[in-house]
Amino acid sequence: MAVTTEPGNIDLREPKGWRRTKNRTATALMVLSLVLVIIPLGFVLFTVIAKGASAINWSFLTGSIPPNVAPADEGGIGPAVVGTIEITALATVMAVPLGVLGAVYLNEYGGRNWLSALIGFMSDVMTGVPSIIMGLFIFSIWVLHFGYSGLAGALALGCLMLPIVIRSTYEMLRLVPNSLREGSYALGATKSRVTMTVVLPAAIGGIVSGALLAVARAAGETAPLLFTILTVTTVNRNVFSGPNTSLPSLIFVNASSPYVGAQARGWGAALTLIAIAFILMVVARLITARFARYAQ
Amino acid sequence: METPEQNIVTNLPRLETAIHVDAERAEAPLGATVFDAQSVSIWYSAFKAVTNVSLTIHEREITAFIGPSGCGKTTVLRTLNRMNDLIPGARVEGDVHYRGESLYAASVSPIAVRRRIGMVFQKPNPFPKSIYDNVAYGPRINGERNKAKLDEIVEKSLRGAALWDEVKDRLNKSGLGLSGGQAQRLCIARTLAVEPDVVLMDEPCSALDPIATGAIEDLMHEIKSRYTIVIVTHNMQQATRVSDRTAFYSVLRDEKSDTRTGVLVEYGRTEQIFNDPRDERTKAYVTGRMG
Amino acid sequence: MPAGALTKKRPLGDRSFQVIALAAGLLVLVILVLIAVSTGQQASLWFTSQGWKIFSTTWNPANNQFGALAFIYGTAITAAIAIVMAVPVSVGIALLLTEVVPRRWARPVVTVIDLLAVVPSVVWGLWGILVFAPWLQRIYTSIGNGVDGIPVLGSLFGPPVSGASFFTAGIILAFMITPIVTSLSREVIATTPTIDKEGAYALGATRLEMIRGTVWPHSKGGVTGAVLLGLGRAMGETIAAALVIGSSATITSHLFAPGYNMPSVIANQFGEASGVFRSALMGLGVLLFAFTIIINIVARGIVERSARRQRGA
């Protein structure tokens, strides 16, 4: 359609007809996508909160796990809470330092060499390995020799967390300006000193934030624990030996139970788990906002 | 860009200043040789950045490196404290002696070199730590743990950098909160805290306003009696104001390979370089017709 | 200056630090190799005792029959359903975030996606089996009755129907992989040079036309990579699927029927398994590992190549 430029005849309105319709439809579809995602999210969160909130109280969080047939208001999920805390903490203690060191190698020492390219690539690939494989792995090389334990579960979770921590730490280290490193070198620092005293402190906000997100992920995982901690119902304060339990494990067991009481406890545990993950996520965001100086 | 006529007029006051200052400097005895560079060429992988530089830097003098951009003056400066090592593919041919010892011998530790030869950068780069921790950083990595001693060193260095009075009440505030000029003086204090022999300065004032620049230049005069200073600057007036000796670098264009390599054109006492340059290129640069 | 003052061997601490950092990095490679070796070794009994029957359709532990085809089929079907649903939605949201939504509103939208990602698999499963599946069952029943007898539709959506089925698992997997496909697509789409976009607008293009003309050609590769990563995730997601898939090892075209997939059967039956049975489940794990590693390598390769092309451009 030719554009006319006779005076008084200039049409600056939106293109009419099918072009406009197609454009509007596209925009509507995009918004619809968002709605399609908000609905189930809202549904899940609402259900968990509605069904779980009534169960939560201090005795629930600390009480022992009753048999599945027990009614809803009896007992609690104490051992599972303890288990989750122990096992996730142990996994964090193992995975985070190793992940940070690995990222330090990639960014500070590896540079462009083929080895660091390979490690970085395979680390990203590893984040896509299903978590159940980590469980089968630790079962094969550890549980078969040393039995079920919280430690075995922590090893499996650690394998899961390692590549996540490596990637997020690496991104943070990359953002530290080189001028800081040069300033430190110029004062006669060795490379390890430069890294430990200037680079890591400068990136620490982002590193901690990334680690917290990895912890949130690990705390919610069930599959790696299935064959490593042998879900029990009693509390085990020794994370290094003997079977254990965790919140996700308990939820998994209770979800397939026909008993209403068990299901109710499952909802309570689910709310607890989501609350933990949510708190970690919020804290991570706060830390990024306040302390990650070089991010964004 | 000034016309030649304007050049002559504006050059006159400059000449007077140069001559006036140098009258005092001409009296001082020639200090010991601190750096002795012989036929130094610097490569970045296959690219020859600087070719065949030979000069000697003397003790307790301020030596300025001047020249148009891309002439390699910063590259040569960074060679003096082995900072080029940090660039992958960087290679030095020829020899640089520091007080008689070869800087690039296989057994030499760059860490040890840098503790003696400090550097201040173009853009102030205070660490994201407190002012105190910035200055104490160097002594701490050298093993100093005693709090009282560190306090003393921090005060002495900050005084030496003419910053003490401005920050003495907020030593544990972040170093990032300082103005440009203060931040640069903090970086100088940080460098002085390790008690180096030499202070290299890579265009230390180019990111600063004229007042801050003046403060830094005054500082250089003050600390000159204790340190040997080599400064890269693109500001010729600054070179005339502060330096005893000036090295003029220029760019050699290779038409065939279309590469630009830095070369040392002329090196001598500042008053000679500016008042009576021997090389045509030097004359063209210092009188403002080029660069 | 004392002789030799500049010479000092590199401090032991400095060298050790480098070694430790290198070792930590190598750990990734070591773990991957160990996974392959250890699980492969555990699975070998299955291969040696069953031979090619490992790919048969019969899975009957009581009869010592461990054919895996039903699970491979189930994995493929549920992942396909998940991808078909998640990809348009994820790409739609990614485009929404980069092209439509003004800066200020981007944050809340990203938060929604992050929240979606933070819901643990087991909670999806719990909600899935106790709330979603029963609700879906009613819908499946009406659809099933409606299409019963119709040639293609009937065999896809006709009875038998069950709340816990391939389709339900597929939907929940779709929810779970949306965050990763969205965020990766968004990263890729956001790198479209503004000059190109402005060029399209300057020619009088509508937003859709601009997207089709500049954003899409630029981001095609990267989005494909993102989709593949989502596929890998859908294949391996275990617990949610295990709870809602119906636990029935059958190959059927009926999407609303109960089924099984690789990770789910491992999760549900490993506890009681021993001997060849356990080895068979390990074998399924090995297959799953192999599939996901390959998909991830291809996907990351595509994403990296398109990113490199952009950087070089």
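As written, the chains take the letters A, B and C, and residue 1 is the first residue of each chain.
Please note the rule applied: a contact is a pair of C-beta atoms (placed from the backbone, for glycine too) under 8 Å apart; a residue touches a chain by one contact, two chains touch by 3 or more.
Computed from a prediction, not measured in an experiment: that's the story for all the values here.
A.B. asks: Work out the mean Cα position per chain and let me know which chain is farthest from chain C.
C.D. replies: B
A.B. asks: Central chain, going by Cα centroids?
C.D. replies: Central chain: A.
A.B. asks: Could you give the separation in Å between the centres of chain B and chain C, each centre being the mean of its C-alpha atoms?
C.D. replies: That gives a centre separation of 56 Å.
A.B. asks: Please work out the Cα centroid separation of chain A and chain B, and write it as a whole number of Å.
C.D. replies: Here the centre of chain B sits 49 Å away from the centre of chain A.
A.B. asks: Report, in whole Å, the distance between the mean C-alpha point of chain A and the mean C-alpha point of chain C.
C.D. replies: Computed value for the inter-centroid distance: 16 Å.
A.B. asks: Using the touch definition from the top, which residues of chain B touch two or more other chains?
C.D. replies: Correct list: 111-113, 116.
A.B. asks: Could you list which residues of chain C touch at least two other chains?
C.D. replies: 10-11
A.B. asks: Find every residue in chain A that makes contact with two or more other chains and list them.
C.D. replies: 190, 193
A.B. asks: Which positions of chain A touch chain B when the two form their complex?
C.D. replies: Touch list, chain A to chain B: 111-112, 177, 179-190, 193, 197-198, 201-202, 293.
A.B. asks: Would you pull the chain B residues touching chain A in the complex into a rising list?
C.D. replies: Listed in rising order, the residues of chain B that touch chain A are 81, 83, 86, 88, 111-116, 118-119, 121, 123, 125-129, 137-138, 141-142, 187, 190-191, 194.
A.B. asks: Give the list of chain C residues in touch with chain B in this complex.
C.D. replies: Residues 1, 3-11 of chain C touch chain B in their complex.
A.B. asks: Which positions of chain B touch chain C when the two form their complex?
C.D. replies: Result: residues 98-101, 103, 105, 107-109, 111-113, 116 of chain B touch chain C.
A.B. asks: Quick one: which bits of chain C touch chain A in the complex? Just the residue numbers, please.
C.D. replies: Spelled out, the residues of chain C in touch with chain A are 10-11, 13-14, 17-18, 20-22, 24-29, 31-32, 34-35, 38-39, 41-42, 88-93, 95-96, 100, 109, 112-116, 118-127, 129-132, 175, 178, 204, 206-209, 211, 229, 232-233, 235-239, 242-243, 263, 266-267, 270-271, 282, 285, 288-289, 292-293, 295-297, 299-300, 304.
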